[in-house]
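Some structures to go through are shown next.
Look at the two complexes coming up: chain A is in both, with chain B in one and chain C in the other.
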Partner chain A sequence: MKFKSTLENYVFVLPAVTIFAIFYIIPFFWVFSYALHDWDGILPTMTFVGLGNFKEILVDKIWWQSMTNAGYITLVALTLQNAVAFLLAWACDREIRAKNFYRVLFFIPPVLSEVVVGLVWQWILDGNYGLLNHWLNGMGLHAWVRNWLSDPQTALSAVAIVHCWKGFGWGFLIFLAGLQTIPRELYEAARVDGANAWHTFKNVTIPLMIPVAVLVSILTILGTMQAFVLIIAMTGGGPAYHTDVPVLRILASMRGSSRFGYACAQGITFGVILMAISFIQYRFSKKAKA
Partner chain B sequence: MSVRRLAGIFLSLLILSGCSSKLQEAKSTVTIWHWMTDREPAFRELASRYEAKTGVRVNFELYAPSDAYSQKIRSAAQGTNLPDIFGILGEKRDFSSFIKAGLIVDLTPYMEENNSVWKKSFFAKALAVNEFNPGNSYGIKPGIYGVPIDVMSIQLLYNKKLLKQLGFNKPPQNFQEFLSIGKNIKAANMQGMVSGWGEIWMIDCFANDYAFNIMGKDKVIATIKGKVPYTDPDWIKVLTLFKDMQESGVLASGLVTMINKNAEQLFANERAVFAFNGSWCVNVYKEMNPSLDYGVMLPPKVSDKYPASVWGGAGSSFMVNARSKNKEEAVKFLEWLTERDQQAYLSEATNNLPANKESVSKLPEVLASFSEGMEVATHPSVWGVSEFPAVIETLDKGIQSIIIGERTPEQVAADVQKIKERELAKRKYN
Partner chain C sequence: MKTTGYYKTKKVAVNVLIHAFLLTVAATCLFPLLWMVSSSLKTQDQIFKNMSLIPQGWHFENYYQAWIQGGFGRNFINSIFYTVSVVVGIIIISSMAAYAFSRLRFPGKNILFFMFMAAMMIPIPGSFVPLYVLLTKLHLRNTALGYILCMINVGLSTSIFLLKTFFDKMPKELEDAARIDGCSKLGIWFHVALPLAKPVLAVVVVFNALAVWNEYILALIIFDSKPLMPLQVALMSFQGEFVTRYPLLMAGLTITALPIILVYLLMQKYIVKGVTQGAVVG
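Here is the complex of A and B:
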């Protein structure tokens, strides 16, 4: 009887497990297998190179530059994007007029297509006919006028800021949900005890928001490190390698150089790095919470 | 509803679906995957004409942009579910991999039937892109493996009105004259040359044009073979041209991240004096600004020692899937598609240069100028050797860094040579 019931349960989960295995688990192992080979993605034969692809990644300067670029964009997103998201969520959590309107407004950028956002911002930041330079000229700030996306000194920061603009809505939404779970009684109790707004914020809001902040940070890191559509639309990774990011390098290996094996090895390396960063951050946050 | 009734409905549906598939099988269908958005209506029109004539249905399926198309073809090749006819957007090395994988029909016997009438109908340069010669470095059996649909050449375009405004009644005759226009462009606060140099292959194309002019074809090929280093003074001279152009003001600002679509918009809207673009642009400019008055010229020569050269040859080509059940039908359709009348229609409807040399009689002026460039056209696909992708990328990205003033031509040449040596060593080791 027990065996029959167990079998029945297995039969019920079998379709889901099969689909999961076909589309996730098997390809995952294939990627590992390809990473150990030299293969152009077309030929029926491939050459086993062992860990050769991984060794090459270790000395691939362009790959590590792309990691640094992604790291810089992530740092800007972690600080600027999340700070803005938190402050706006905090403002919307208070009794302000038209707060529902702001909630909708702040969530518009994340739902827009990344390609469209990229192209619109490319137009705004264009050195010759861009809106930003037009405004700067109008305000008499001629020295600030430049080709924001082609200048190696500003290209990466410009991309990072647009990425923040596009992504802050997600953080805003999660922070707002987190703020709304804080019992109002705690604020009232703090006020009765004589706490001013700053003390309430520091001693009630911040400690209770740490788990939410950890979640937002992890999502920001994972989302930003993997960003590439916006970058393709805005700069294509240029000028030179100044806005190149790991996913663009993987694409370049796969499509530009026809090196499927190397691209798979890059994908695995990138995945491991992301997991390591998330794990370290989780451990740090746990310590901070304790 | 009773079980019997349900079973009845199911059975009827089964019979009906069986009948419909039989009906469909009566006529064969040739499926073509392509990426040419601008040619889609003309292709559909030709497909309906072919169906009316032969009863064979031709199904053109559009997958754009070209990047996405390329990816789709690769995935389909891995899954061995390519359509009857498809195109390969890549280097000759990729083309050879498809052939080695047994995915492409050798069309030589078809081309050489009836005293090679089909083969002879094409421009030799259009066919060369799809041809593998005896002793080719890819190890492919000599033959023709693709059918050119049109030809293209990439040249320099100039806006006649803007050039006149700058005080020039004719386009620059040599590179020095070209550079000297830069000063006037700067002074008039105009934009110089626009192009899709954010997509690196167009930089490669420009650099190769001048490499051919400065050192000749043999030395370029010798460099690819690893016999001449990229640090050779001639290569430094090629790289220095980009520095000179940047300093003279003849290049538009923001060129290094510019995609070709944006470059086309700038030139069509008369915001740039020059454009470096392919013959496909005639149709694009016509749609964007029908009154645009522009001329076409070969990039101005630096040296008279070697002839000028531009990239050109087959613009788009189709290949027949060797594993297709409709192989014969597919070849027949391509034969029909490249006949004089169909080629003339395609050329007229899409403003592209026809691959069939008998269809070039009625070309608009600008397109005729592009057609003249075919005489000096060359393409990496016909050189018999391919440069390593990593070397091409380092060269093109290096040129971007020269333009933005970050690296010197000598530094870039050294970087490229280093990668070249690494790749050569790897090939030797493998």
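Here is the complex of A and C:
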């Protein structure tokens, strides 16, 4: 009776565990095995190369450039995107009209797909027929007109800004939720003590929001470093790798050069870097709390 | 009297500034979408010359052409089919597992639950590489079933976590009552636990539906044949083939964005809840 009952309990987790084992655990171990091999993904035989793929990554200039590009986009997201998100949340955290209207609107870009956002912005930023250049010409700023997405000077920044446009709604919602947990009495007390708006902001709001800011930063870093579909839709990584990012390189190793082993080694390298970043951030946030 | 007047003016000024800021950002959010819709209603000739937001004449035939000739009709139906299948699958599978992890006893329970949680924390960028090989070996590549199973797996861990957290806090009395009435474990899960979990299930449904509808990379590597592709991949391949046919592309983008915006507007309460809850989790 007891045995039958336990068996029955396993039935509940069986579908989840089966799918998880096949589509997560098996691929997870394969990644490590492939990474040590040279393999085109088709032939039944793989050539064992040990850490050869990883050694190659160390001197793969395009790979590290893609990492720098992702780092640049992340830096823009951490500063510009999160500053805008915080200011908006702070502006909305009071008795103002149409608060809900703003909140609903700000989260529209995050619910759209990266393909839709990327293709719409690509059309707006188009060098010949794009709206942005049309406006710049209309305002007499002819010198500013350029092929935003194929000019190496502007392509990466353009992609970064569109990424921020798509993403600030997340930070906004989390910051707003954080601000709303600050007890109103604290503001009241500060006012009674004669603090002006700036002092209240500096001495009440900011210190209480630090844990939230750390959280938003972690989410921003992990999310932005791994973003790539938006870039496929806007530039495809061009011009000449100027907007290439790590996940796009992995895709290119797999589909472009049919090097499955190298692609997996790149995946592991990138995964380890991401884990290291979140670990450092985690330690940092613990220190901030203590 | 004079000072209150001063403070009132100052307060109004601050309010005006705040609204100006908020409205500017709101307009920035909305404008690209309006431009997308406007471009989708222009003719192929107009689109490169007429730069006004209001098109000359409303060329809804672009939508017809995108739907039929562009093949987006087929892809739209695919996207609906994949989204519904994956979401239904996730709801059933993850709620059963979450219920077991919360309420039932069996050896290995903690290890299994820990594995699902670890999967949530460990990023494997480029997991599409081994998945491609796996699906090829299983003869599931370029099939709807292969894609649906992969996407169920993607949403599983987070959904189990959200549901288990809810079941842990759910009072046990109702289940006890059902058990005394002779209800089986499956019966209790289905008739007692699931109905109570409706608010969390709504969050799970909305987030997974958004994720599947917007998913690109797995669909890209799994599907070769256009009639099986969901919208996101079809849009990219259309853009690759017909680089300058912007009105049709914009019509396709509008067809893709509209359902998600509608779902969002109807369910935004759950989305806000999910984001703030998810943030606490992360």
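Structural remarks
In the analysis below, the second predicted complex is superposed on the first by the 262 of 290 C-alpha atoms of A that agree within 3 Å, B and C clash if a C-alpha of one lies under 4 Å from a C-alpha of the other, contacts with A are read in each partner's own complex, and residues count from 1 in each chain.
We take it that a contact is a pair of C-beta atoms (placed from the backbone, for glycine too) under 8 Å apart; a residue touches a chain by one contact, two chains touch by 3 or more.
Predicted, not measured: the structure shown is a model, and the values here were computed from it.
Superposition model on chain A: chain B and chain C are shown in a clashing arrangement. Of the two partner chains placed by the overlay, neither chain B nor chain C lies in contact with A:Ile206. Of the two partner chains placed around the shared chain by superposition, neither chain B nor chain C is touched by A:Leu58.
Look at A:Tyr129: by the touch rule set out above, it reaches both chain B and chain C. By the touch criterion defined above, A:Phe106 reaches chain C but does not reach chain B.
Touch criterion met: A:Ala252 reaches chain B, while chain C stays clear of it.
Of the two partner chains, neither chain B nor chain C is touched by A:Ile280.
Annotation for chain A, partner touching more residues between chain B and chain C: C.
In the superposed pair of complexes, A:Gly41 makes contact with chain B and with chain C alike. Annotation: chain B segment clashing with chain C after superposition, chosen from 39-47, 57-65 or 93-101, is 57-65. In the superposition on chain A, chain A positions 41, 128-129, 255 are in contact with chain B in one complex as well as with chain C in the other. Against chain C, the residues of chain A that register as touching in their complex are 6, 8-10, 12-13, 15-17, 19-20, 22-28, 30-31, 34, 41, 84, 87-88, 91-92, 94, 96-98, 101-109, 111-117, 119-121, 123-124, 128-129, 131, 134, 165, 170, 173-174, 177, 215-216, 218-219, 222, 226, 228-229, 232-233, 246-247, 250-251, 254-255, 260, 263-264, 266-267, 270-271, 274-275.
Within the complex formed with chain B, the chain A residues making contact are 38, 40-44, 47, 122, 126-129, 147, 149-152, 155, 234-236, 238-241, 252, 255-259. The residues of chain B lying in touch with chain A in their complex are 67, 70-71, 74, 77-78, 90, 93-94, 97-98, 100-103, 191, 198-199, 252-259, 262, 271, 389-390, 393, 397-398, 400-401, 403-404, 406, 430. The residues of chain C lying in touch with chain A in their complex are 15, 18-19, 21-22, 25-26, 28-30, 32-33, 35-36, 39, 47-48, 51, 92-94, 96-97, 99-101, 104-107, 112, 115-116, 119, 122-134, 149-150, 152-153, 156-157, 160, 185, 189, 210, 213-214, 216-217, 221, 232, 235-236, 239, 246, 249-250, 253, 256-257, 260-261, 264-265, 268, 271-272, 275-276, 279, 282.
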